[in-house]
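Which chain is which? They are A, B, C, D, E and F, in the order written, and residues in each are numbered from 1.
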Amino acid sequence: MPWLPSLKTDTPEEGFDLALKLSRMGVKKTQPDDDVRAELRAVYEKDADSLIASSQVVATNFQTVAAANNYWK
Amino acid sequence: MPWLPSLKTDTPEEGFDLALKLSRMGVKKTQPDDDVRAELRAVYEKDADSLIASSQVVATNFQTVAAANNYWK
Amino acid sequence: MPWLPSLKTDTPEEGFDLALKLSRMGVKKTQPDDDVRAELRAVYEKDADSLIASSQVVATNFQTVAAANNYWK
Amino acid sequence: MPWLPSLKTDTPEEGFDLALKLSRMGVKKTQPDDDVRAELRAVYEKDADSLIASSQVVATNFQTVAAANNYWK
Amino acid sequence: MPWLPSLKTDTPEEGFDLALKLSRMGVKKTQPDDDVRAELRAVYEKDADSLIASSQVVATNFQTVAAANNYWK
Amino acid sequence: MPWLPSLKTDTPEEGFDLALKLSRMGVKKTQPDDDVRAELRAVYEKDADSLIASSQVVATNFQTVAAANNYWK
């Protein structure tokens, strides 16, 4: 099964989770090693600027998912 | 009750508050520990560049919320 | 009276000022203390990279305001 | 005369110049002192990362101007 | 054969891969030397902030690809 | 002849090249001295974070160019 079968979700909340998934996949495609990512995560999850930058990526992907769902109108 | 039942708000001001909520949730989903986030917050709320970066995330999410509300026209 | 009654403005120039207001409010909602913000401002207004980052936030918010006003066509 | 009478321009090239103007105005509204800005400029115009960040602001404003002009189609 | 014959893809997942390709091409066009890029990659693939920044570029390009495909609706 | 006669291109690939041109022009308009830019380039083309930031600018400009060409549909 594909990891991204569709951009459609039933609710805004599921859409936000999909935006998170897209953001993490953007990292994973560049650094596929699970162990390395786990090490890096231990560091950046305690760094405010890294967390804000992560939230910026999620916000950008959420724009895409929200548009794909016509903003769940 | 879901934390994000809808992107619709009654007013632009409530829309801006929703953009703030989305921005913080983007951080919370990566760092779910309330105590760690509180510690980090004590630091970055006194760092101009962190605050500007936070405002950038809010601006991005506000684009999404405003579009979802047809700019409250 | 609400601080953001509408995204509509009479002119592009007023729209740019509204984008500035939204950008500053994004900071203020995270750091509500006026004195702390004044101290930080004294520093970042003399830092080129902070000023460029601020201009980026304004540009993002101006996109929203311009779209809300149908680009004042 | 207002500094931003309209987002309309006759050509894409004038539109790009308007995007530059908007980007600089985003800085000027935060740091209105001409002398301070001139000093900062002397530094950041020799800093590659500052120049790239400036180009990012211009790109964001150019999106707005281009949309306002229906991409000069 | 051109490296970018079209922005159309059959599935969202292929669209995400195309966004990755566009992001890497943005780097390659500035630094065409394969060896230099390989050296740089060895460093930034172990730097959390670089990976987050990369994911931001992918998110931006994915917006373009998704719009080009009408969000695969 | 103007450097930006139009945002229209025959192919997506030419559109990507135009996005690169816009990105570089954003730098050139701030730092017009060819020699200074050449010196800076020698540094940032070996800096992963600078290259990623450059790719971000290109991605933003490519959004504009792609929209101007109706995504070459």
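Just so we're on the same page, contacts are C-beta pairs under 8 Å (C-beta built on N, C-alpha and C of every residue); 3 or more make two chains touch, one makes a residue touch a chain.
Just so it is clear, the model here is predicted, and its values are computed rather than measured.
Visitor: If each hop has to land on a touching chain, what is the smallest number of hops from subunit A to subunit D?
Guide: 3
Visitor: Using the contact definition given at the top, which chains are in touch with both subunit C and subunit D?
Guide: none
Visitor: Which chain lies the greatest distance away from subunit A when centres are computed from Cα atoms alone?
Guide: Result for max centroid distance from subunit A is chain D.
Visitor: Quick check for the class: compute each chain's Cα centroid; which one is farthest from the centroid of subunit F?
Guide: Taking each chain's C-alpha mean as its centre, the farthest from subunit F is B.
Visitor: In angstrom, rounded to a whole number, how far apart do the mean CA points of subunit A and subunit C lie?
Guide: 27
Visitor: Compute the distance, rounded to whole Å, between the mean C-alpha positions of subunit B and subunit C.
Guide: 15
Visitor: Residues of subunit B that touch two or more other chains: which are they?
Guide: If we look for residues of subunit B contacting two or more partner chains, we find 47, 49, 53-54, 56, 60, 63, 67.
Visitor: Testing understanding: with touching defined as stated, what is the shape of the graph linking the protein chains, line, ring, star, complete or other?
Guide: Per interface graph, the chains form a ring.
Visitor: With subunit D as the start and subunit F right after it, run through the chains round the ring.
Guide: With subunit D as the starting chain and subunit F following, the sequence is D, F, E, A, B, C.
Visitor: Within the complex, which stretch of subunit D touches subunit F?
Guide: Interface residues on subunit D, with respect to subunit F: 11-13, 16, 20, 45-49, 51-56, 58-60, 62-63, 66-67, 71-73.
Visitor: Would you tell me which residues of subunit B are touching subunit A in their complex?
Guide: 2-8, 22-27, 29-31, 36, 40-41, 43-44, 47, 49-50, 53-54, 56-57, 60-61, 63-64, 67-68
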